[in-house]
Structure formats: structure tokens, C-alpha cells
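Note that subunit A is present in both complexes that follow, paired respectively with subunit B and with subunit C.
Presenting the complex of A and B:
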């Protein structure tokens, strides 16, 4: 006992008695996460608090006035006649994007999950738009979607007179969704591909022996086993869809009317074009709340929908 | 021994260096760096601006002026973002449409006293009409350095090939009216791959440029005091019906989403400012002409676009910046600037000066289009809170830019939207 105490003490004596092993370990831990923590505090938490602070003020940039207005900006939300259309457009865009993006990504992943010669070329081809500059990609699509642009030119060869894609309410929304999906579908496709390749082959072999048809194998084996990836991609895609801006700014500027004015574009207009920084901040609080609620809801749903081996 | 020598040398070096550094610090404290945001990145423009800055430096050796080119399309947004971020420039160009916002907000430093105190400035020769939008309570808050009339460039090759009269022939026969102009545009617009009339930069979004047409009907988006929407009144309904028919019925104007370039030789005519003459092709030239805007049902008219330069009140060196603006826009430098930016100074509004600065234009074009345009033209519509009003009208006009549009109903809706904004 005495020997054990003696051997334990010199360690304690060599450093101060405050720095116990546990404290030193936790300090090391904090130091390791410090860069990330400082980054998040500086660039996420503080701006978030500031945005909330701004939303309680009327900030006239030109006159350099910053007046506390309490809940006036939140009152404005309720009185803003454009807001229902904007939230509607945001919902349509997000729903359209998530459904189209995830189904196309899964379809492509299943098709490209074959052991065929040259399949990697196709995988690269579908992934390549992800690395292209977003604005450049959108500008090129802007040209293609003009009334007398490339797409209608091709349709005309087959005797079809194409619509004015970016000027009709329905086709404008479809165009913006499709341009965004083609840009980013490759990323989800790669994630699905990785998940598909992680599904053990023996499960399919067993299913085949039991006489399960291909579709049943997909529904009963593939889908449950890749469900964690489906959850991940759907969260990423929904959050991304709520933050879409460049495509709208380049292709439609929110038109025709307000049909493609999504929430982020609307708050950009309010803050940076109309100089209503207070109201713009209020709208970004609304956006933050929507993203937070949706992400939380999806996270809660994981227990029911997502299959975990453990 | 060596140690002592090193020490002595170090002390001597310090004795020399400290006063030098001190004087350097003192000079640095005197040094004034002024920054002006502009929306042009044109090399010829920048060369001239730098020459003017160098000229100012001769009398003010401690002042350095730099120019920051911001993209034209998002200029005002970028400028206000800089101001919001506490990084306001010392001086800024301001669009005529945003003038009311800047002048009324108190963001700008009043220039009148500085201009009057500048020797040989001759501030009186700037016409009151040109200065109106930039003045508040008798004080000038930004100097309108560019007052550029809108006119019509025409491609006589295309017009003649379609077998119709050229605008010059119509002017000679006193037939230069909007009905005849649109008929000519329609004749060319029927040719596959060619367009009729293009209102440049309009693109079915920058609707304020349509004032170049609707002013001929005596139409205006709001009343003279800016408080009441007048888009539902007959002149506006008639003018927009005329434009709608030109775009959707007669094919005299490219429709929404159709892009045709006049300066590439693909359209009969385009309405734009005269400074765009520099875009006329040099390699494959076509027979072009510059004519005044056609006569509308309300008679002859002209439209001008303006650009102002103001000093930001928030800057540390506002007084020096105002002195630079006074130097930049004095009679001598205004004459230099007028080769790109027509001046509203009366002494520079004569054919002799303008011929020198606009070598591409003929004497007749200068007389009929430039001088008369600047003298009689109304400035493009503007209003306090213009960006918000512009967006509301743009969004509402989308319902007009459809083949089956109900124009009076759409205009009624627009007035409902902008009415409260105009009253603010």
C-alpha cells in the first residue's frame, strides 16, 4: 500500500496538484477541437446572434441609422403580402428538387453499380457537373433555355415549338429545379453508389435462392440497407434546396411574377437591394427556423425509417 | 573593442533612422488616400480618370485617388454593401434611378460650397434641370457628370433590304412617327434571324428604359410629386398596348427571352444612349444612322440618362474628396470627360465641342440628337426606394409580357402594389 502511494505521488508532485490526468486530458481534447470551435463561434454563432439582434432593429445603411424597433419586423412578416407566395415557391422548389434529385441519383447509382467495362467513364461523366463552377453552369443553361436558345432549337428539328422556358410560371420553376438537379445529382449518386457497394452480396444470393424477384430484392434488401445514406442525402439536399440563390439570381431573378422567388432570394432582395437589413435579418431567422425544424424532424424520423445493423 | 564599435554604429544608425522614420510617419499621417467606386471598367475611361487624379496630385501631393470598378448590374447593391460593412468609399458614382435615395438619406456630403469656392469652376452654367434630381434644399449633393440622351441607332442596310423607307427619309418627309417606325421594325423583324426594334438593356426587366417609348404618349409611372401611381391612366395603357402589340403581334420587337444584337448587325434599330456608338462594328461595318426618337401621339420628346458623382459623408476625408470632385468636374476636365460622358455644362453643349469628342457622329446627328436631347430631355424615372418599386413593377409587368395579357388589369394590380411604396 505504502509502496503504491509512493509510486503514485511523484507524478502528482512533478506537476501541480490541479493538473490531474483527467483535467489534462480534457484540456488536450479542448485544444484539439479549439480551431473548429473558434471557427464556428466566429463565423456561425456570433453572426447568428447578430442577425437576431439586427432583426430587432431598423437599419438604414445610407442614413447610417440603427434604431431599435422591437418586434416590428416580425409584425411585418405577418403583414407581408408577398411572403405566402415566397414560402409557397420555396416549398415547391424544395419538394421538387428533393424528389427529383434523390430518385435520379438512386436510379443512376443502381445503373452505374454494374461491373461493366468502361463504367467508370459514365460515373465520372455524371459526377463532373459537381466540380463545375455553379455560376458558369447556370449561365450556360440560361442560354440554352432562352426562347430561341439551344433546347428549343433541338425541339424545332423534331417539329416541336418549345415553350419560353424561363418566362412561363410552370416551366420557369421546372427549369430552375432541373438545372439544380443536374448540377448536384452526381454527389448524391456517388454517396448512393458507395452505399450500394457496401450491401453484402450474400444477401442477394440468399434472396435469389429463395426466388425473390429483382424488384423485391431492391425493396427488401437494398433500400433498408442504404437507408442511412438516404437519410443523409435527403438532409443535405433539403438544407441545400432551402439555400438556393445563384440559380435564381442568374436564370429568373425570381420571375415571372414571384413564381421562382424563393426565401433566400427574397431576403437578399430585402436586405441588399432594398436596404431593409432589419427585415432581411428577420427573414433569415425564419429560414433558420425552417431548416432547424426540418432537420430535427428528419432526425427524429430516422428511428422509424432508417435501418441500422446494430 | 569590436563590441564597442558595433554598439557605436548601431547608435549612429538609430540616430539617423529615428528622425527619418519619424518624418516618414508624419508624411504617412498627412497622406490622404481617396477611393472612388465606379461602374465602368473601360480602359480608356480609367486612363482618363487616372490622368485627372494625377493632375489633382500636382496641387495636392499628399492625395492619391484610386478607382474601384464594380460590376454595372449589381453596382448599387455592391456599394450599399460596402457602406453597411463600414467600408464606404470616399466618393461614388450614383445612378439616376438611385439618386433620390442617396440625396435624401443624408449619406452624401453637400458639394455646393466647395464648388463655388473653386476658382474658375463656373457652377452656374450647370442647368437647373440637369441638377434637379441631385439637389435638396438648394444644395447639390452629387454632381451629374454624365447627361446622356437616348436616341435610335438604325441599320439602313437591313431596312433597305426589306424595301421600306429609312428613318432619315421619313424624317425628311415629316413621317418619323412611332407607327411608321414600328412598321419598319416589323418589316425587318419578319426576316428569319433578324430583329426589328430593340430597347437596349430592357430585356423585359429594366422597364424604366421603356420611358424612351412611353414618354411619346405622355405616359409616366407616377405623378410629378411621386406620390400617386399613374400606370392605370390612358397614356400608359395605350403606350404599353402599343409595345405589347409590337412584341407579340407584329414581331417588331424581339419577345421575352429572345436575344438579338443590333451591334452585330442583326436588328433594324435600337434605342440606347449615344455613348454606345463605340459598339458599332469596325470589321464588318453596316450603313448606320443615329436619329432622334420618333414622334409619339403626344408629340416630340427626348429622354436622358444621368450619372452623378457624390462624396460620402461617412468618409474621413470628405472635404478633400469634395475638392477632388470639384477638380474632376471643372470646365477643363468636364470637356475631357464629355468624350465619354456628355456634360450638362452649357459651354460644352455646342456642336464644335461635341464634334471633337464624338468623332463618329455627324454635325446633323449632334445637333438633332445630342444638343436638342440634352436641352429638352426628361430624366429616366426615379423615386425614393426605387429598387423596391422597380422590383414590384417588374414583377407585375411579367403579366403584361404574355401573348394573352390583360394589360389594364395587370396595371391595376401594379398600382395596388406600388401605391403604398410611393407614399412612403
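Presenting the complex of A and C:
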């Protein structure tokens, strides 16, 4: 800020008295952000208002009618017998994903932070699924998880008869979580690794001199110091988990029953398969509310759980 | 943590890492090897880790059954446009938010950050209606315009802002004394320094566009307009069941080039992503 004040003095080049440096800067600032601001208005703010507006209407695409129905869609929401299982599936999926993703990411980051020859090769390989096309990755896993697929084939070699992973409620949910975690855990792993490398070595040396065991060092030094990263990755991962769509569409189509029908998939079905755009919009509002509440809650928590912020 | 490890500990760690690696590496191996197996061997027991016989016709069928070259081109050019466009939009906006003092800058920044909070799935219904009215459904415009200007680019803007904020002010000071205008300072001084941040924005954006699935299936309806993720799921038999070996061949063709680029440039990839200003 001090910089801007310093530069806000007249310069030799400004020929007219109106175009002071400050004014030219304001203009430049607006021009620089214009594409982004117009884009956000057009593709985020207006649609957000529209989705709320739509949610108050009954929209029949085939008959081409669009009638104001007030809170009817919200009434429908409360009476929707599918909604409890959809929200339940969403909660189980998100919770399972975040817990599994963050703990695996942290474990891998700690392992990769060791002094071992060739550790970058491991880092590259653990990260590689991140760059594999999402649908390609999902298709391979779908193939592996078939009743007579690769995973059950390997299990059978050891005399274990595996389940039909994607067709039984519990294993279907576990499968979609696991497939998603292995795809993206590399991102969080890298962020944790960067955070771990930022912890000053002297702290560990001091702890060793005091005779603190490794686990205690991890608990008392590492975790507090990387807590900002843990908070950030958990926000990103939770919001990301609520957006999962392709994996569900390719692996289970929300089945068996509704066990893997998460909110986004349900929204897609209602709006684009059953053409209930009004109700689909109401579900969008629910999704928005969940994301907003979660982000706000986590942001509030940062004061309590995060050790310090730079 | 960084103490020298005993040899036994090292062996243990290598073993652990190798076991953990299986679910990360094996699927890719299984995809590539199964794509050249004849259909009769696809579910063979015991599983063939290396194909016992080869059937290369799967790859020609990938191109026969769908306009796969066209679909490949669609994905590639959309991802390229989105990447370049996002780099331009986000570096300019990020620079302004970090470096230029203008009225309401903080308020506007907060509004823009809203884009981070609103998953694109929330706005997919009205976006579909807007593009329908504009006559752009079943064209690539929604897949190009929304990521460049809408919510997905906000993250990029944030990354660029974090980078420009950390840039020493003296560099610009000198240029201003020399009488350089804002745009020239941005173009000649700030942007060349921002290469690492731009590289990670490019990687993120490309992968995001390359992986997009919900938007293509909502907006596109004809096979020659499809993008790769959407096309991959279309290799099905008359009963709607997947033709596994052909699907896997198409998946291999989709995944392998990006994977190879990544392995060549893995250092830039990984370090770029670690330096996206996500450090809290």
C-alpha cells in the first residue's frame, strides 16, 4: 500500500491535469479486472440469482410452461422421500473421502519426506493418477471392480471369493470413495510435503536432545506447524467431494438403489433426465447452502485449531 | 525426522512404499495391457498381468466406432483455448488485485472470491438455460467461455494475486520513474517474473478442462461434438454394456500422452503445484 501512495505524485509525462497518476491507476485497475468481473457477473452472480428464481417456479419443458409456484418446490423438497438417503449418501461419501484422503496424504507425505535414495521416483508415481484423465481412471477401476474383474481375480488366486463390488450397497460406496481418493490424493500429498519441508529442522533436533520419541515429535511439533495446510486441504477436499459426479455416473449410476446417489448426481437426474428444472434448481440451492455452511464453519474453526498463520 | 535411517528402517520404508504404490500404478498398467487383449482374455482367470496374446484391432475399432480423431481434437483445442484464456484473464485480474490501487478493489475481490465458493454444479441449470437462449447448446462455447471467465478461473486469479503480492515493489518503482505505463509494467516486468505461477495455473487449468465431464454431457448431444471423457463412455454394445477392451484402448489413448508429458516434466508439475500460494 505504501508503494501506491508513494507513486501517487504527479509525473512529468501526464500532460493533462485530469489524468493524475491515481486516476490513471484506477482506470487501469478496472480495465485489468474487467474480463474477470464481467465473467463472474455473467456466469456466477446472474446464474445464482436465476437458480433461486427458478426454484420458485414450476417448469414444464415439454409444455413450455413456466409458472410461479412460490415455495411449492421447497415443500416438495421436504416431502421428497428420496432426499434423506441422498443427503445421507452425500454425507457418508464426503466424510469417508475427507478422512481417507487426508490421512493417506499425510502418511505418504511423511514417508516421502524421509531421506531415501530415489524418493522422487516414488513421489512421481504417487502423483501420476492426478494427471490421468478422470474418466479413463474411473473406467479402469470400473473394469477392475467387476464381479469377474481383476481385483476378484487376484483375490481368487488366494482362495477368497470377492463381492460384486459395484452392485452391493456397502462395497459400492467404499469403491467410489477409494477410486476418488487414489485419483487425487497426490495433490494433498504434495501440499503436505511442502508444509513438512517448511518445518525448521532445529525444532526436531531440540526435541531429540530432550529425548522426545518420534511419535511425540510428530504430535507436538509437526502437526501444529502444518495445521494451516491441514485446514486448507480439508476445505478444498470437502468442497471437492460435494462436486463428485463423473465417478458416480460411470461406476454405479447412483446405485444400487440410491446408496451412491450423491446430491450432485441427484440434481443432474432431476434437472437433465427428468427435466424438472424447477426442482433441480431447488436442489442446487441446497447444494449451495451446504457448501456455504461448511466453508464458513471451517473458516471459523481456524482460530481454534490452527496453531498460527503467517 | 530427517535423521539418518538405519539400513533395516530403509528396507522397511522401501517395502512399505512399494506396497502403497500398487493402487496408484497398477490401474494404469492394467489399462494399457488389457487394451491389447482379445475380448476372450479380458476376464481370464488367473488374471494375465502380461497379455498372453495380442489383439491390436481394438485400436482400429476405437476410430471406426466413433469420430475419435474429431473428439480428440475437440478436447485438445478446448483445453488449449481455456488454458491460454485463463492465463490472460487471471494474470491481469490477479495483478490488479495485488498491485493497483483502485476504488472498491477489496469489495470486488470479495465478490470474485465468491466464485471459489460456488461449485459450477450449483449454477448448471441456469447456465444451460442461458446458453440455450443464446443458441449455444451443442456447441463448444459453454465449455470455453465459462471456465475462462467464470468460477473455474477464480482459483487461477487467486494464485496469481498471491504471487504478485510477494513480488518486491522496487522493481516496479524503477520502471515507473522511467515513465512506463501500467500495462507496460505488467507486460514487461511483472509477467516475465510470474512464469512459475503461470505454469502452475496452466497445468491446473489444462487438467480441469481435460477432465470436465458434467458440462459436456449437459451441453453436447452429437457425437462429433463430444469431448474425450464423454466419448470414452460411449463404447458400448447393443445392450449398453461396455466393450471393455475397446473402451480401455480409447482410455489409454486419452491418458497416455498427458502421462508421458507429466513424467518428462514432473519436477515443474509437482513443484509448480506446491508453490501455488496454497501454503496458507
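Observations, loosely collected:
The working rule: the second predicted complex is superposed on the first by the 276 of 310 C-alpha atoms of A that agree within 3 Å, B and C clash if a C-alpha of one lies under 4 Å from a C-alpha of the other, contacts with A are read in each partner's own complex, and residues count from 1 in each chain.
Here is the rule we use: a contact is a pair of C-beta atoms (placed from the backbone, for glycine too) under 8 Å apart; a residue touches a chain by one contact, two chains touch by 3 or more.
For clarity, every value in this text was computed on a predicted model and none was experimentally measured.
In the superposition on chain A, contact of A:96 is made with neither subunit B nor subunit C. When subunit A is checked against subunit B and against subunit C, the one touching more of its residues turns out to be C.
By the touch criterion defined above, A:272 reaches both subunit B and subunit C. In the superposition on chain A, contact of A:144 is made with subunit C only, not with subunit B. Once both structures are placed on chain A, subunit A residues 146, 148-149, 272, 277 are touched by subunit B and, in the other complex, by subunit C. Those residues of subunit A that touch subunit B in the shared complex are 59-64, 145-149, 164-167, 253-258, 269, 272-277. Taken in their complex, subunit A has these residues touching subunit C: 1, 3-4, 6-8, 11-13, 22, 24-30, 32-33, 35-40, 42-48, 50-51, 54, 108, 110-111, 113-116, 120, 122-137, 139-144, 146, 148-150, 153-154, 156-157, 178, 182, 186-187, 190-191, 193-196, 198-199, 201, 204, 208, 214, 217-218, 222, 228-229, 231-232, 239, 242-243, 245-246, 249-250, 264, 267-268, 271-272, 277, 280-281, 284-285, 287-288, 291-292, 295, 309-310. Residues 1-5, 10, 13-14, 16-17, 20-21, 23-25, 27-28, 30-31, 34, 43, 45-47, 88-90, 92-93, 95-97, 100-103, 105, 108, 111-112, 114-115, 117-130, 145-146, 148-151, 153-154, 157, 169, 172-173, 176, 179, 181-183, 186, 207, 210-211, 213-214, 217-218, 228-230, 232-233, 242, 244, 247-248, 251-252, 254-255, 258-259, 261-263, 266-267, 269-270, 273-275, 278-280 of subunit C are the ones that touch subunit A when the two sit in their complex. The touching residues of subunit B, counted against subunit A in their complex, run 76-77, 80-81, 83-84, 101-102, 105-107, 204-205, 255-259, 313-314, 385, 387-388, 391, 394-396, 398-399, 401-402.
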